[in-house]
Amino acid sequence: MDVRQLLEAVKTDEIDIDTAVNKLKDLPYEDLGYANIDHHRELRNGFPEVIYCEGKTDEHIIGIVDVLLKKQSNVLGTRCRKETAEKLKEIYDNVEYDELSRVLMIKNHEIKNRGKGTIAILAAGTSDISVADEAYYTAKFLGNNVERIYDVGVAGIHRLLNKRHLIEQARVVVAVAGMEGALPSVVGGMVDVPVIAVPTSVGYGASFNGLTALLAMLNSCASGISVVNIDNGFGAGYLAATINKLK
Amino acid sequence: MDVRQLLEAVKTDEIDIDTAVNKLKDLPYEDLGYANIDHHRELRNGFPEVIYCEGKTDEHIIGIVDVLLKKQSNVLGTRCRKETAEKLKEIYDNVEYDELSRVLMIKNHEIKNRGKGTIAILAAGTSDISVADEAYYTAKFLGNNVERIYDVGVAGIHRLLNKRHLIEQARVVVAVAGMEGALPSVVGGMVDVPVIAVPTSVGYGASFNGLTALLAMLNSCASGISVVNIDNGFGAGYLAATINKLK
Amino acid sequence: MDVRQLLEAVKTDEIDIDTAVNKLKDLPYEDLGYANIDHHRELRNGFPEVIYCEGKTDEHIIGIVDVLLKKQSNVLGTRCRKETAEKLKEIYDNVEYDELSRVLMIKNHEIKNRGKGTIAILAAGTSDISVADEAYYTAKFLGNNVERIYDVGVAGIHRLLNKRHLIEQARVVVAVAGMEGALPSVVGGMVDVPVIAVPTSVGYGASFNGLTALLAMLNSCASGISVVNIDNGFGAGYLAATINKLK
Amino acid sequence: MDVRQLLEAVKTDEIDIDTAVNKLKDLPYEDLGYANIDHHRELRNGFPEVIYCEGKTDEHIIGIVDVLLKKQSNVLGTRCRKETAEKLKEIYDNVEYDELSRVLMIKNHEIKNRGKGTIAILAAGTSDISVADEAYYTAKFLGNNVERIYDVGVAGIHRLLNKRHLIEQARVVVAVAGMEGALPSVVGGMVDVPVIAVPTSVGYGASFNGLTALLAMLNSCASGISVVNIDNGFGAGYLAATINKLK
Amino acid sequence: MDVRQLLEAVKTDEIDIDTAVNKLKDLPYEDLGYANIDHHRELRNGFPEVIYCEGKTDEHIIGIVDVLLKKQSNVLGTRCRKETAEKLKEIYDNVEYDELSRVLMIKNHEIKNRGKGTIAILAAGTSDISVADEAYYTAKFLGNNVERIYDVGVAGIHRLLNKRHLIEQARVVVAVAGMEGALPSVVGGMVDVPVIAVPTSVGYGASFNGLTALLAMLNSCASGISVVNIDNGFGAGYLAATINKLK
Amino acid sequence: MDVRQLLEAVKTDEIDIDTAVNKLKDLPYEDLGYANIDHHRELRNGFPEVIYCEGKTDEHIIGIVDVLLKKQSNVLGTRCRKETAEKLKEIYDNVEYDELSRVLMIKNHEIKNRGKGTIAILAAGTSDISVADEAYYTAKFLGNNVERIYDVGVAGIHRLLNKRHLIEQARVVVAVAGMEGALPSVVGGMVDVPVIAVPTSVGYGASFNGLTALLAMLNSCASGISVVNIDNGFGAGYLAATINKLK
Amino acid sequence: MDVRQLLEAVKTDEIDIDTAVNKLKDLPYEDLGYANIDHHRELRNGFPEVIYCEGKTDEHIIGIVDVLLKKQSNVLGTRCRKETAEKLKEIYDNVEYDELSRVLMIKNHEIKNRGKGTIAILAAGTSDISVADEAYYTAKFLGNNVERIYDVGVAGIHRLLNKRHLIEQARVVVAVAGMEGALPSVVGGMVDVPVIAVPTSVGYGASFNGLTALLAMLNSCASGISVVNIDNGFGAGYLAATINKLK
Amino acid sequence: MDVRQLLEAVKTDEIDIDTAVNKLKDLPYEDLGYANIDHHRELRNGFPEVIYCEGKTDEHIIGIVDVLLKKQSNVLGTRCRKETAEKLKEIYDNVEYDELSRVLMIKNHEIKNRGKGTIAILAAGTSDISVADEAYYTAKFLGNNVERIYDVGVAGIHRLLNKRHLIEQARVVVAVAGMEGALPSVVGGMVDVPVIAVPTSVGYGASFNGLTALLAMLNSCASGISVVNIDNGFGAGYLAATINKLK
């Protein structure tokens, strides 16, 4: 019995009001429509379904893809092993895979542009590109114009300054850096839009697998900056898309 | 000699082009107008001047306020001691001070609303209010409609769910929590707008002055979340305002 | 309009079913009765109201006590300053205060015994007593027989073994220790009932304010042990009472 | 000479009392019956023997299993390698092995139900299932009715709320979560029974292999919660069984 | 009933052997003489009683001193506040107090020399003297010849080498150092006797209150070195005395 | 249009001064000559090009080497895999590779001596040689006389003292050590020249992969010392060369 | 008997060679002249005596000053309390004290310039000035031309670029910064001289009293940088002076 | 020219005293006999040569063994790979290798007993045996009677108490434990001789590879305990031997 049926039973006196009040307390939220949020939120906001592949078996991933494709969803897979991607290519059409960022994409219908402006994704060094590209493909897949501006680390400040106009045109900036993680601080001082800082595990010794970059970004002396988890390119791309679709 | 004078000297053959090229390399960026960005950025984007008072003497703070008020700026002071606020009240008009959040405000002209939507500021517990209110006053002072939704910690999940509609109407959400820092994860699953997570130093023992809440927020299983430094209410309010004024 | 009114309006055709379905989605959970859990849970399970006093002003605490006493609740206050306790004694009758554990108790009606067995509270050293007593008063106030067995640290193992029979008679054991935090491991090997381990900040140098004891307890080689936060006597007492009232 | 022989020698004047007093001091505790506790405690409390297989060679494990089976024990092995399980299957009957949780079970006689109520085991995400299932098989093997409620992470709060009634029927709750470890806090606010929190090493970057979830759980703002070591599904299952067999 | 009485009752057939066996299991260990170890160990090994004063009230300390003096013990108090020492001086004779090391000594009878050789106590810098002197007074009070060799930090290696002969004559060496904690490594390479390394909290910044010195000492490339807790001069002095009284 | 062209256009009245001022603001810094610093700094200061090979594919490295060799640069590669080195040897002449330090060198023209004095590189133990040799080859390749003084750890202080004269002749000292990292402190007390301390990841247990050595070096009680990242032999060699070429 | 006397005794046959060889082994190094290095090193290299005042009593400090002034030394005191400085002013002439940096200076004779070039001291923010000034006064007192360039944090990159020429003229650069500690990375990319990075404890929350800045600086992506302890302005000034006096 | 030659030259007026004084300053310490200590210390104190094999190539190890065997030394190798041991067995006679503890022994002459008493080596669990046996073989090889007492973890306290008499007979105790590291605290309360605590990396999750056991041992509430590095069985065995040979 769902909510509508319950209400009709009240209306036709099949059940009395006290019983109905008690039953309402127990109805799963889904029957009240809250589960729509759970099941359809992604479709509503126009974002494709996302599968975090790490720690899932190939069978598991194929199972989920199967369900999503039946719903005609576009599918985005992050941290996807190459072997998994190859298995999926054998089964489905339209499978694309970027080896460096380990992003898997299945496009069943064209991606509609949902962002109002451009997202600029900056990477400090070439080793940061795998994370930056995860942000790039995520933001693209969520329907955004994305500009990649790579190898603009602060130890060669002019490389960054040379790109200033490109950066200033963005509506959201994602700044990816490992080691000392200083890029967001400099960028944060250059623009008036939100800067999403992504620390990477690039470095050695006292970089502690990205902890140093993470801490540095959290302590930025520039305003308008916030931080996501180490190597979380997906999170940055998703948040950038969330901001960029604000009307 | 500034840039204009230099160009005029070139035009009138007072100096030759080789000399001019060299001189241009040396001219302070300010002369090229870049320093406008430094000195006037805040005014341009409509944000008042902000003074971080911690670690500054009263004399220092009064000196800065003096300069800003001569520019007819509104002034926002964060982490301001009560004694400093009282000294400022004796000198200037229009000084307001909120003791709990230690925010100082001097309003010389009305704050123009620059935000397109509402910013919702959530606090998990009553002890988090001092940080949440720093975000509140910051966002207000930067020209935003701000809704405060306090004492909605996850251990009493229905208090939070009861406020769902208020939260869903916001264009940006700031979620402030100490201890286990779980609030942003639950909120992040409820809304489709950016969530700025603010860990606080509220707690004891293994909360390690907010480190636990910080780490928890960085590892949130919800998407669309980013994090600022521990107790950084100002940073969250500023970033919320930066997002909310995006057109 | 609450749920009952809504159902009556459906029954009398004042509103149609579609409208009712939509309204139900928006009704605060409290109207569905969920808030009862929030507001009355403590009364239902027989536990008195608890106020965590740290970080609250005297005015704040008095305000809360006022409300609770109007509901004729017994009141338990933890981490209460001595000055606050003295102010409360001037205002209310029946105020008791234990200075060492900083526990405040206001008993308006007799505490009903709700525990099925005895709770044994062990403390390794005399410096751990303040935390152990917080657990003691909490468990007492929640309606339990509690046995205190103090100064039984593992460096004098016979002191502990001498108390074996007392410990074995308990239905739940709370083991409080600072420094190397070894007590729960030894106790866990002696009894077949749940052992709640409480690390304390007692120690210096590499005790890191209780971190060492916390880590040691989490790594206990004995089974049947779980751990609460550093110095969290209240949490241990509350959990012990929760276990002891299981039927 | 054991205690009884000693006493008989006293009675028959074979040895005098001074000598007997001295001998008693030196008799191994086992002769006094204490070792019964060591050797038979598990049998007494109805729990099967448990072998922690990690770091033991196959030969070692087979040797222990051999001894236990001769005592007609049921045997539970945790963290057992697949290859070891397969070797054991070749040697013994009734060997069961769950690959995901790496739990090995040898049932020589039916497991007697010793728990008074149901144990609910909750897992936040699908990656937490290996740990949750270790708790599940442990609790089952120790003679309990166990209900598994998986994939109820807090970022989709309605999935959890939908299971509320199932959870509320449990006598003990085990809440397993990685990443930000927020599940126990929300569950702790929903039920009045003990909640055992199990942090998992699921996550990346600043999850620090489960440290973040561990710290978050220790700082839970809900009452009635305690915590075991990272990935310690066995410990949680064992403690849940210890609580559930309380009369 | 104690052990002797029990045995006599067996002998006189007052109780039968089965009953006696059961009673023996329950007799407190003290009755078996084990408590002698607890209560008299210090007297037996010739070491005076030691009171760790930190975290004890003056009343508490005076109470303990009272009991000990009735047993005619010498008394050693560590980490004793100056005010407490002054109170004790008013009450008792023979009270000595060293302000820098906060060591309190009450000598009721002459200290008998129990050490076979000399204990050398080295301090790297003048700021380490408070800890070194705690070791010094402890070792003296436990009946040892002690040689103090201070201000021999490794950055002026010749100061240390100049003292080589003094150091080489010791039977046990205590090496106290803060900051980088390098002293024990150099000393460990110079002597063939046990070296007890004591890290101190002397330093700032990345000394982390002695953690750096502690870690350095644990990683010493010299053999024959072991380490006690940060600032634990007492522990080092006690261990040195324990070694030095080995026959 | 570059700066020169702009100035000529001003001179010939092709564009007016206001336009020129605006254009100047936007010209990439490179046109102003700043990029020279970026592109040619290494050549200017006589240092060869350096490739940090870790995390770069063989194709990537070969591509960079190709470009550099076209500029007739000498090439230094650090952290180069053996396989990569072998591939390069097949393609290019003059390729040298040191397996222990993983340094790759391609010398197209003789290295000019640019250092005024000698650089002494000290290593505490034989396990530190791989890092020390990275510093050695780096400093050699940057044009310095370098003296290697290895196996002079502080636990055998006379080995170090025996080398005193060699060390005192250096203009810069690099001190490489793992474990407790004490070498720089002793050396810093022996010389009046800059000492660059290099912690290595040599050790186990509480050496935490070099963290202990790093912290110890930062807390050195000797003056004139500074520290680089763990295992950063290249950084130390580069800095030593930078100091040694100071005129 | 000192070395010279020993040799004369050998020469005059007062003692035979075997005896002399043995005596030489035992003579304190000071007699061999090594202690000269200890006692006179500072005077030889022209550096004044330095007293680290933290943790020393006023009496202690005055005692040391007394001795030094008798040797006609200039005296530099770091981390000196204001009250100590005032006491010293009452006793001695020529006492100068800088309150912000807590540097005490007693100049008995003019400071001779020993540096070949200029030392540039950069500070990121105004709160870093106390540490930067400790470096400044130290370097000045050790005989150097020092240029202070303050408030050039990377979030306003043009402020830093505007000072480029000043910075490029230095022979050694000291870069002082708290919070994210990014300044040395940017400066390191701008100059070809050694950069000494000084992390400060300026910041809050996840700055962990300077740990974040320290780690960031150790992981700098720029070359030619090394790091000293948190807030160690003295160490940086001393090292800068050591480098700057290299011939 | 060595010291003797120098003295003879003085005696015969070949060189004057001033020259001799200067030359003496420069003579390597070895010429003064100090290096004897370096080269012959091990032989003098009767300890065999020890090779730490980790991080050394087989060639390297064989080279060292070769030299030592030429000196007719017994040889002890720690952390030796199985393959290395097998290579050595092919080359030399008398090679023994213990696979679990990775200890290599080459006995060329009988080991002389140098210890005055017995060393007891306790291990908490079976997984700690590899470390405990490293201590065992080390102490044996250094000439001691060693008693192994394994599997006496504190969670089954009676197993430990049953071995009390064995433990009490030792002159030195080594206590090896992982996980919560509680064994030394209990043992320290049972004996009056030095206890050397060895933390092991046995455990998982919050054991942090032995850090928890290390910290627990440093904070032991028992006296007479000191600690060596994680898994440092060799260090404990060596120190135990150093103590046990004290006369």
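Order as written gives the chain letters A, B, C, D, E, F, G and H; numbering starts at 1 within each chain.
Just so it is clear, a residue touches a chain if its C-beta (ideal position, glycine included) is under 8 Å from a C-beta of that chain, and two chains touch if they have at least 3 such contacts.
Molecules present, by chain and UniProt name: A, B, C, D, E, F, G, H = Nickel pincer cofactor biosynthesis protein LarB.
Keep in mind that what you see is a predicted model, and the values were worked out from it rather than measured.
Identification of common neighbours of chain F and chain H yields E, G. The chain pair from D-H, F-G or A-G that repeats the F-H interface, sharing more than half of its contact pairs by residue number, is D-H. Separating the CA-averaged centres of chain B and chain H is a span of 59 Å. Centroids built from CA atoms put chain C at 40 Å from chain A. Shared contact sites, meaning residues of chain H that touch two or more other chains, fall at 34, 37, 156, 161, 190, 205-207, 211, 214, 218-219, 223, 229.
Applying the touch definition to every pair of chains gives A-B, A-C, A-D, A-F, A-G, B-C, B-D, B-F, B-G, C-D, C-E, C-H, D-E, D-H, E-F, E-G, E-H, F-G, F-H, G-H.
Those residues of chain H that touch chain E in the complex are listed here as 37, 41, 44-45, 50, 116-117, 171, 190, 192-194, 196, 214, 218-219, 223-229, 235-236, 238-239, 242-243, 246-247. Only residues 126-127, 156, 158-159, 161-162, 165, 202, 204-207 of chain E touch chain G when the two sit together in their complex.
Within the complex formed with chain F, the chain B residues making contact are 3-4, 7-8, 10-11, 13, 17, 20-21, 24-25, 32-34. Only residues 26, 28-30, 34-35, 37-38, 54-56, 60, 199, 201, 209-211, 214, 229-232 of chain F touch chain A when the two sit together in their complex.
Of all residues in chain B, those touching chain D in their complex are 124-125, 153-157, 161, 179-182, 185-186, 188-190, 203, 205-208, 211-213, 215-223.
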